[in-house]
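Below you'll find a set of structures to go through.
Below are two complexes that have chain A in common, paired first with chain B and then with chain C.
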Partner chain A sequence: MKVEQGTAAAQADGKGNAAPPSLNRYAWAALFAFTLAYPAAVSFDNYLLHVGITIAFNVALAASMWLIWSLGLVSFAHAGFMAIGAYTSALLLTKLGWPMWIGMPLGAILAGAAAVAISLPLMRTRAVYFFMASWSVGEVIKRTIAYFDGLTGGWNGVFDILPPTIDLGPIQINFADRIAYYYLAVVICAIIVLCIYRINDSRTGMIHWSISENELLAEHIGINVFKHKVIGFTIACVFAAVTGALYAHYQTFISPKSFDIWKSEFALVHIIVGGLTTVGGPVVGAISLTVIDETLRATGPFRVILFGVILIATVLLLPGGLETIPGRIRRALRGRKSS
Partner chain B sequence: MEAKSNMAAPRSSWRPSRRTALKAGAASLIGLSAPAIISGRAFSAPKTIKIGGAVPLSGPVAYWGISTMQGFVDGAAVINEAGGVVINGEPHMLEIINYDTKGETADARAATLRLVEQDKVKYVYSQAAASTVGMLQVTEPAGVLSIVACWGYLKLFGKDYPLHFRAEMSDYEQGFAYIPFMQEHYGKDSLKSAAFIGPDDQDGKDCNYSYQRLMKYYSIEDKGSEYFNWEDTDFYPIVAKTLRTTPDFIVTSPTPPGITGSIVKAARELGYKGPIASPAASETKTILEVVGELATDVVLPVTNVDPTTPSQVAIRDRFMKRFGDFNALAGNYSWWIYSLKAAFEAAGTADDPKAVAEALGNVVLEDTYCGKVAWAGEKSFGVKRQGVYDCYTTLIENGKARLADVRFPALPADY
Partner chain C sequence: MSFDEIPQMLVTGLSLGLMYALIAIGLTLIFGVMRIVQYGHGEMYMLGAFFLYYWTAKWGLPYWLGVAASASVIFVLGAILQQTLFQAVHGRNILYSLAIGMGLIFIFSSGGQIIFGTTVKGIPKFATGGILVMGGFLSYERIVISIVSASLVVGLWLFLQKTRTGMAIRAVSEDPETSALQGIRTRQIHWVAFGLGSALAAIAGCLMGTLLSIVPTMGFVATIKAFMIVIMGGLGSIPGALVGGIILGMIDSVVTTVISADIAIIMSFVVIFLILVFRPSGLFGQQWT
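Up next, the complex of A and B:
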């Protein structure tokens, strides 16, 4: 169920005057401003910059998975496509010396081609069958990478995936520097989220939600459901691959285990806790849960238990996810005023 | 009345007596000198050496991580109570900081970044291959000494990683103790061939590599290898395939106690009577629970189920008191911190991990839970960074576990 469309047309008044930017847009602008100021806010603490970079990866992955969710589908193949992007870029660098600037787009193209090929049969399944099939796809991708160990290093993984550099004469940036990589991750993450926001904010987004609401009905009003599902799924997988390349060059080591089912499951949890109806949901979910997970690290064996308790409490106490908090506050304030 | 009038007298007319002035002066002196006294005390307080753990405290290999952590927490408490680490005559207290890695590489990297960059730790310990790989991405470039239990990824070990120590004997080093024991116990002619069962991942491949080298060294025919997935619960198919090759004994590694039990149970129910060695299980309770009375001829190297020396008994009792539990694996890891202590004292510094690493390579401890402990591997790896120690081998026979053998591994001359 989509709550906010936020199109310009919807926001214009009847006299043709454009409506002022919604609160929603101010919130996005504030978040982006904070993100840019974050390194200075944390006094350029390297570890906290690492947390920021991890948040960027998680936001990009969860947001791209949410695009598939907007079609009414839950894909557990997402980490597999992330692996395609990561391995493509990593192997092009370690085997041929090609930088990430070439590896990342090639990984995205490869993941996109694989997504189209896989989604042709996959999109003919529904509900639990799609869920099971996507799970298999994720596992097959992971194990295929492990199988060709001569090329991919097998379970041993790939080492020395160096961060990229930019050398434009007077402008030289080495992304081995944590601050530089933070901004790289933030910019790419922001582009991914913006693209998804724009897709969702367009006619295509409406089509996605109509498919999500009732696939049969959508088909009967003339929507090419199969085509939209394939395109939506492919776009999401391309974004996952871009995130994968970014992840590989930051971690400097990847193995098939880096992209197992848990990666997809955590992205799904970020969406559920954040909220399912707007792209803000996975963004807020990924930010909050990554911070909570890092905070709980020092609790040792209780980390997973406490994380689970927080998840359950969020689902029980905040049905609809964290994205519903502003609405709840507004309603509460309205109720207080009226009383 | 007179007193009352005095009390009511205006404040300006009050004149302090000489005694009052002296008291006030003394109080002022004490007040003014208090910060100096306090800071002087702080200055004389023992310095602290931080040791960080990037270990799996949750997830599938938490059992190993918690056992490792217990060794450091207990050891630090014992060392601190005894006056700490004495470096150039000055006592230093040990502080242990532990972060969970879930047994995942990326998570281990994050935990190590936090230890090194936020907590300013110069000594890190870890457990299991995935965490070790993540940890090493941070420690070695940062000049931080690391000490781990990790059997695989041998390309991440040796002279290119001079600050990296592997304290736990891998199945390779263990083999030079438990295979001679098995040959003596069962007869060399009864053990002419073997087969391998391990997990289908890098750990399994690395252990298979160790197994292959051992079989070649002892001239035992290798009948083949089978691999399982960590998610597997039915081990009958791969055990049946293994038994079809009719090996005289089976080596399963690295398999935790539960999976070892499942493999033994399947093998016995399928009629196999040969011995089964599990170098990574290091625990008997779970195996006995899973296999029951069929548990016989299960060989468990580096598993001391019967602490006998005063040091071993003291460690067991302390762990029971401090953690409410004790297992042989935790005992095996308990010496690491004492080895570090000896290295700090020998190097005469805790600020220079390189100097401590040089000293650590030469540390020999005679009386630990694992008996005699030393660092070896100079000819194999170019540096002495592999821990070797007395191998306590436990044998399960007819549903009962007993300590069957203790010996220092007879390592080859080129090790």
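Up next, the complex of A and C:
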């Protein structure tokens, strides 16, 4: 076991972030403090709060997809699992009147069960085949939901998904209020990112990276690769389902089109632009790209073209993404000093 | 459904399947040689169709010359894209080629909406009328298109088997290092195969655009179909792409006629999933790491 930890640690260090951990912690704390102060900073402007909530969704999605990537897999089933969470919670509310506090955990459990069931055969495939198989899983989930239109409303979708309320006698919060929903989204997103950070920081995270580096070698030093892949994939899908439920109750309307392949594609774009080796990557990528996206909303198709250009430019000119910028600056400074 | 519809259904399935196979063969050729996933392959199909639209409907030039011109233009475009973008990510994780392909989809399909407009267009037909076979109506257009796509597949097969360049392409797909040692210029083979694959997609776009209609966003649907076929058949395998294409074409035609279009799509995904569960590398594929 010691040997295993040693190699995995060495690999994790090789991939490790450039900044020392203490500095990293300050950056995270500053980011979290800023998100808490954000509504006051934008003087409770409704549109800017909406941008903040969208960012929280995108961060949670990109971070959970990144957890799958840390196993060396690219999964496009993500939007599908998001749909499972969203539809479970939405239908429980509209058909049975159960609030989101019950619907969201049930959606997460359902998505988790589906993820285990699907990943048992899915994990037999590797690399490119896994990517394509996960893609077809996402499409099947979306189209199956659309097909059972008696229950799910088909392509027309589900309407009137009310936001939840808290009623504890003296304390009453109605999440139809945007500020309240902003804090709900931020807190859940922060919990998801923290969980992923902790998983990645633990022994499990090292095992994930060792699988992604060399699956065969990992298996030979006694790691149960299949089990870790299934568990990692399931956890990420549960997070996607939670995000989906949160999304449904915010938009108050969902249709199968909301969970198109584009959702997964954009999450992948966020990861690639942000960075691949730490959870900071998807967070930074999702925040910066969502901000760009919202500022350019008025330009229509040009916005999508710009996304394409950014993506290709990142891959060719800044491999490793935005997260490598501090390291690059530091190296440049050090290089100047020595010369 | 009556028995009259059966021949029509089969011919429709076959012609659809052959055109799907053309797109998928292009994709599989590119994968075989470079080991990258060209996610933006469908955009070549869209651009090919739009080139033919401008050629025939706007400039009034002959149809078949336009197909050839479209194929050559897209061949050059594919070769340029390979040299400028895809060569840089050759040999790296599939994530990077995926990212570049995704970027191309964003650029081409949105750029297409700006330049070509979002209205549905049709390429002028080159033949009208048709014949009745066993009570089913077959248009001359569909028959000619099926024959053309079938002969293209055969032609490509002969090209890969008999010519020097074709053999070099197969050698590089088999083992890049050894073929480089034998004096094959692998980098040159990369752009030749990439251009050829893109040109095949462009021809399929021209033919499909003639039968159906064209919009700037049609490329992504073609990508989906091509990927489904390639998964079924196995990456890098040309017979696999042909068989996969015909299976998918038949599902599309038969299930859509007999049951519904929604079920046809769900069913084709389920078929793919089952194939992957029992043969994780597709019907004719190998395990790529």
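Keep this in mind: the second predicted complex is superposed on the first by the 316 of 339 C-alpha atoms of A that agree within 3 Å, B and C clash if a C-alpha of one lies under 4 Å from a C-alpha of the other, contacts with A are read in each partner's own complex, and residues count from 1 in each chain.
Criterion: contacts are C-beta pairs under 8 Å (C-beta built on N, C-alpha and C of every residue); 3 or more make two chains touch, one makes a residue touch a chain.
In this text the structure is predicted, and so the values were computed from the model without any measurement.
Chemist: With both structures lined up on chain A, is it a clash or a fit for chain B and chain C?
Modeler: clash
Chemist: Just to be sure I read the superposition right, which of the two partners does A:47 touch: chain B = first, chain C = second, or both, or neither?
Modeler: Touch partner of A:47: chain B, not chain C.
Chemist: Touch test for A:312: chain B only (first), chain C only (second), both, or neither?
Modeler: second
Chemist: Looking at A:298, would you say it contacts chain B, chain C, both, or neither? Reply first, second, both or neither.
Modeler: Touch partner of A:298: chain B, not chain C.
Chemist: Just checking: does A:253 make contact with chain B only, chain C only, both, or neither of them? Give me first, second, both or neither.
Modeler: First partner only, chain B.
Chemist: Of chain B and chain C, which one touches more residues of chain A?
Modeler: It is C that touches the greater number of chain A residues.
Chemist: Which partner does A:269 contact after superposing on A: first (chain B), second (chain C), both, neither?
Modeler: Only chain C is touched by A:269; chain B is not.
Chemist: Between chain B (first) and chain C (second), which, if any, makes contact with A:320: first, second, both or neither?
Modeler: After superposing on A, A:320 lies clear of both chain B and chain C.
Chemist: So, A:74: does it touch chain B (first), chain C (second), both, or neither?
Modeler: second
Chemist: For A:137 in the superposed arrangement: first (chain B), second (chain C), both or neither?
Modeler: second
Chemist: Could you say whether A:127 touches chain B, chain C, both of them, or neither, answering first, second, both or neither?
Modeler: After superposition on chain A, A:127 lies in contact with chain C alone.
Chemist: Identify the residues of chain A that lie in both the chain B contact region and the chain C contact region.
Modeler: 146, 301, 304
Chemist: Where on chain B is chain A touching in the complex?
Modeler: 57-59, 62, 66, 69, 97-100, 102, 104-106, 109-111, 113-114, 117-118, 130, 133-134, 137, 153, 200-202, 205
Chemist: Spell out the residues on chain A that touch chain B in their complex, using ranges where they run on.
Modeler: By the definition above, chain A touches chain B via 45-47, 50-51, 54, 146, 154-157, 251-253, 255, 257-258, 294, 297-301, 303-304.
Chemist: Can you tell me which positions in chain A touch chain C when the two form their complex?
Modeler: For this pair, the touching residues of chain A are 69, 74, 121-122, 124-129, 131-133, 135-137, 139-140, 143-144, 146-147, 265, 268-269, 272, 276, 301-302, 304-305, 307-312, 314-316, 319.
Chemist: Could you pull out which chain C residues touch chain A in their complex?
Modeler: 31, 37, 85, 88-89, 94-96, 98-100, 102-107, 109-111, 113-114, 224, 227-228, 230-231, 235, 262-263, 265-266, 269-270, 272-273, 276-277, 280-282, 285, 287-289
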